[in-house]
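Both complexes below contain chain A, partnered by chain B and then by chain C.
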Partner chain A sequence: MSAARRIQVHVLRHNPRDPASEPRLQSYEVEEAAGMTLFLALTEIRERRDPSLAFDFVCRAGICGSCAMLVNGRPRLACNTLTKDLPADITLLPLPGFELIADLSVDTGRWMRALSERLQAWLHARETEVDAARIEEPMDPDLADRIYELDRCIECGCCVAACGTAQMRADFVGAVGLNKIARFSLDPRDARGDGDFYELVGDDDGVFGCMTLLACHDVCPKQLPLQNQIAFLRRRMARAGG
Partner chain B sequence: MSSSARFDSASAPGMAGRSSPWPARLDLLQSGTGLLLALFMWVHMLFVSSILLGNDAMWVVARFFEGYFIVGRRVPALVALTVATVAALFIGHAALALRKFPSDYHAFRTFRSHMKGFRHEDTSLWYWQVVSGFALFFLASLHLGTMLTRPGRIGPFESGDRVWSDVMWPVYLVMLFAVELHGGVGLYRLALKWGWFAGPDPNVTRRRLRAVKWTLTVFFVVLGLATLAAYVRVGIGHADHYGVPYTPSWIEVPAP
Partner chain C sequence: MKIVYSDVLVIGGGLAGLRVAIGVRRRGLDAIVLSLVPPKRSHSAAAQGGMQASLGNAIKGAGDNEDVHFEDTVRGSDWGADQRVVRMFVETAPKAVRELAAWGVPWTRVRRGDREVIINGQRVTITERDEAHGLLAQRDFGGTRKWRTCYVSDGTGHAMLYAVGDQAIAQGVPVHERKEALSLIHEGGRCCGAVVRDLVTGELIGYLARATVVATGGAGRLYRVTTNAVICEGIGAALALETGIATLGNMEAVQFHPTGIFPAGILVTEGCRGDGGLLRDATGHRFMPDYEPEKKELASRDVVSRRMAEHIRGGLGAQSRFGPHLWLDITLLGRAHIDRNLREVKEICQSFLGIDPAEQWIPVHPAQHYTMGGIRTRHTGESTTLRGLFAAGEAACWDLHGFNRLGGNSVAETVVAGTIVGEFVADFCESGVGDIDLPTALVRDAVAVQRAALDALLASRGTESADAIRVEMQQAMTDGVGIFRDAAGLESAVGRLEALLLRSRSIAVRERADGPNPELVTAYRVQRMLKVALAMACGALARLESRGAHFREDFPRRDDANWLKRTLATWRNAADTLPTLDYEPIDVDAMELPPGWRGYGARDYRDHPDTARRTAEVQALRDRMQAGDRREVQAALMPYRELLPARLQASNDRLEAPA
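Coming up: the complex of A and B.
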């Protein structure tokens, strides 16, 4: 049996709250284990080598979106990226476009909350009074599936980090924002029409700012159909605005 | 400023009133002008490549667009009119596309660094689309200006003279690659942008579109190189008679 591969993990270290901290790459050697994920490799480094290493995780199952980072330049979730699928030299950087907390930890939460507020990304019910006892209107199962498909977004920030437009233009809502609007525009329970959604994303910070680089589609860890959804939204918004 | 502060409640819709319809219109116009220019580019290449079938074939094509076979005489103003239309589309498209260019050097550096670190094909292709678009702004302007001011100087010998004796072949060589790259990638992106040919699996659609794009790009680049070589050959052979227009042997009275 061949010896286990030894991988070099190069991590960007920086704490913006420490005035003495300068961004630098720190390297760690890790012995690869069967089925090892990047999350496990980072945990081993933190537990055995360097307890000061900062990175985020919650679910360890690709559901919470906390552990997104740049892995050799590509946004990925550390928890569902196997080290065996990567070269022996692995460079890890924090997701660009978000506030850096420290090392690989970024504050996607504040960004996503501000986005949701700006895009009013919640169901705007037709009724102002909620009757909890009333049975909901039935929904076509195919439509429910289409809405659920878009609702699977975990707001990990990979699409924003991968998007050249979002990197150049800080106010661009990114695929995560456009996907939210596509999701609510499908929902018959939402009282808003295309004119209302145009108010939200009918400009160059919204769907017309998208340059169709499609990196969002390619890196989405949930494999959301962003390519088709953004095109769908662009057609609807072009009709609504034009 | 923290990147998290970029969205604030003051920018929430509903507070600023009805949004302008112009972003939608400008997006449609950018796509529309790009589509027309890319299709024109391909048709133009097919007509120009008629030189590969011989001098007579190219002469017939050139005279056709001057209305020679309809009104019985050459009307170069018709060519100038077509050139002016294309120039208007070109200027409009360039102005609209400028909105998408990096707004300053910092944005340019950010994109370059992102592209180099990420190594994502469609992201890199956009960069080359910007570079080729920038090059075309000068090269195509030069070509359109020449055609607009000298619309009657199109023909096997006339074009051969321009390519060789007027030393325009380096311009056309660079322009060939720039225009085929820019137009090919542009049409591919246009199809994805608006969801044309979208099937149930977006990855399959993209793979097929990419294959079609590269096939067409290679075809038109090869056709363009062969065509340019043919004009160079004609130009070299005609260098001693620079300025003398071509007249087919079967034309008894040379076209005025």
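Coming up: the complex of A and C.
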């Protein structure tokens, strides 16, 4: 068996709350192991080498969206990225577009909550009170599957980090926001119509701000059909606003 | 010192905590949710396969009802559960799943007509009913007599958490993210809030509330290999333990899931087997029917994991550089089924194993998965010993699962308990006992205690490393408190853990900053985790029988005569190095379903002296009321309905079962 590869992990270090902290890259050498993910590599660095290194992992299985970061320049989830798929030099930077907490840890939570509040991104039920002892309303099985397809967003923030418009417009809702609108507008249980959704995303901070660069579609770790959804939504919003 | 006031403080932003907060908010009270992470990142999102609720829409679920769900759950628990709580749960689960449908969860739906499914390795055609078309679908899961598990592909927990999280936002429930409770504030047997650390700034804040709800999930990270998220460290149980008053129930009851991917321990859902997947050994042989002819791969998790470990011990595991494992074969389900119903499984296999599960078998090994034990509460969710402290979900032991939880009953429990406990918390706040004086001096003292402990860690000249102690703790638990247990292994584990607890008092941190300092967090958490680990190990050492997931090789029989009781652990004094154990009897005479054989697993058990009499009583009553409505029979056997909040008492409608 060949000797294990040694990889160099270069991590941006900075604590914005510490006046003495200057952003810098710090390098750690790690011996690669079979099946090693960036979660395992960073955990090993923290347990054995540098207990101060800040990063966010929760599920470590690619389902919770906590660990998005720039991996050699590309936004992706660190937990399901295998080191063997990367070159021996790996540069990790915090996800841009979100407030930096420290090192690789960014505050996506507050951003996503503000987005949900702004877009009223929850199901607006037709009846306020359901009688849950009664048999549920039927739904077409295919439609349920299509809603789930859009419901799979994990709010990781990769689409925002990769977005050209978000670089220029601080209030742009991003693909994550547009996808949420697409999801609720597809759902017959939601009482809102296109006119209502137009009020939420019918402007340049919404669907008309998208320049169709579509990096969001390329980087989405859940492979959401963002390209199609944004195109559909733009057409419908243009109609609703016209 | 900052103090934040609210009616209700909810510690934990997963499904249970959020559902409690929504419930009390709807009753016109304020609730603040504390969460280590953004709430939609909680471990609830990892529930894949589904939520049990006896809707009976799918044809293989037809004829299901609360009675069947009740019996399955009690058998699954190996008669450790509180049967009244099980009744409350099975009655509320259909309401909870339907409420979630109204909140937007895109549940997978029944499609009318013929479809091919895999049952016991055979391809068979089943025909779904016209009248069920478009209603919530159910799939098969272990330890159930009907297909009962409602699901959203295999992203059920995610879809539920997003719908409930969105509702919390809609209701304006504030979530204080990246905040960690360090201690519960209490005086005179009354809990009134928590000391909380801001994980970004390091600031300590006092939270004062009329009711405090712990909904912090499980403790999987006490073990080296677990399906649990990295935040599932049993801290809620530790907070309760450190009050010296609240008790933990049945901490030795720890579930190992049969199908963690090997070696990482990441979960692949029981839905794989529910949908027809098989377990195979090194030779490709399907071995479960040899051990469990009745339920095969779909016996309860404790039984399947034990059989797998037994089979590996017999030298029949597949060998790999990381050690032996077994195979999960879902290739027979076909690519179309996997793409629609097992897509997370597919992604996990691709990302972490580099395999396509439609073509290749998945390497699996049992991994720690669930903490049946937790903060001991009454059926209302309130601690039996510390007033004003409530618990819900995996952090609680009210006690739905006894010594083994059925698949699909945990994510169901989160929303069911959240709904029920939310109502009782609101009742508590609205009643006279919910009043508190505002003891700001008490808060000041409680904050000062935590400040001093943190300062001592930051200034320590000790020689111990928090990370090293954590790894050794995980190893001790894995070695001694795993699937197979015996006196020697457990004594060794208790000894190692106790020594680690002593050593943890000399932890020094290299990084002295009080802001985002992961080493400091590990340090203060591992000190707490060790107490929970000791509650598990001591409970397991003391329990001289095998029940559910607690299996003693030196006492392999279930012993109802001596052990039909719940373990209670307390930590009397801060200076103690071991928990104090006590027991609470489970009354056979109050049972609707007296102890017997589970229908799978060992047939050999020792009866309680009351069992024969109670069994005869139950049978006589059933005979006498043979013609009666099933609800009347149930009420005569074990009244419970009035224990439920009034708005949850209505009987559930469902489709008529075909004749």
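We take it that the second predicted complex is superposed on the first by the 242 of 242 C-alpha atoms of A that agree within 3 Å, B and C clash if a C-alpha of one lies under 4 Å from a C-alpha of the other, contacts with A are read in each partner's own complex, and residues count from 1 in each chain.
Here is the rule we go by: a residue touches a chain if its C-beta (ideal position, glycine included) is under 8 Å from a C-beta of that chain, and two chains touch if they have at least 3 such contacts.
The model shown is predicted, which means the values in this text are computed figures rather than measured ones.
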Clash or fit: how do chain B and chain C relate after the overlay on chain A? fit
Between chain B (first) and chain C (second), which, if any, makes contact with A:Leu92: first, second, both or neither? neither
Here the angle between the directions from the C-alpha centre of chain A to those of chain B and chain C, rounded in steps of 10 degrees, is 160
I'd like to know which partner A:Gly62 touches here: chain B for first, chain C for second, both or neither. second
Return first, second, both or neither, reflecting whether A:Cys159 touches chain B, chain C, both chains, or no partner chain. neither
Looking at A:Glu117 after the superposition, I want to know if it touches chain B, chain C, both of them or none. Which is it: first, second, both, neither? both
If you stack the two complexes on chain A, which partner ends up touching A:Leu178: first (chain B), second (chain C), both, or neither? neither
Touched partner set for A:Val71, first chain B, second chain C, both or neither: neither
Is the number of chain A residues in contact higher for chain B or for chain C? C
Looking at the overlay, does A:Gly242 come into contact with chain B only (first), chain C only (second), both, or neither? first
Between chain B (first) and chain C (second), which, if any, makes contact with A:Leu104: first, second, both or neither? neither
Shortest span in Å between Cα atoms of chain B and of chain C, once chain A is used as the common reference: 11
Residue by residue on chain A, keep only those touching chain B in one complex and chain C in the other, then list them. 107, 110, 117, 120
Taking the touch rule as given, give the residues of chain C at its contact with chain A in the complex, in rising order. 37-43, 45-46, 55, 94-96, 98-99, 101-104, 106-111, 133-137, 152-153, 155, 158-159, 162-163, 166-167, 169-170, 175, 177-178, 200-201, 229-231, 263-264, 266-267, 321-322, 340, 344, 347-348, 351-354, 466-467, 471, 509-511, 513, 515-519, 522, 650-655
Please give the residue numbers of chain A that touch chain C in the complex, ascending. 15, 17-18, 34-35, 37, 46-48, 51-54, 56-66, 80, 82, 101-103, 105, 107-110, 112-113, 116-117, 120-123, 125, 127, 130-141, 144-145, 147-148, 151-152, 154-155, 184, 187, 189-190
Touching residues on chain B, where the partner in the complex is chain A: 2-9, 11-14, 18-21, 23-28, 99-100, 102-103, 107, 110-111, 114-115, 117-120, 122-123, 126, 189, 192-195, 198, 202, 205-206
Listed in rising order, the residues of chain A that touch chain B in the complex are 70, 73-74, 96-99, 107, 110-111, 114-115, 117-118, 120, 162, 164, 167-171, 196, 198-200, 202-204, 206, 208, 210-215, 217-218, 225, 227-228, 231-232, 234-235, 237-238, 240-242
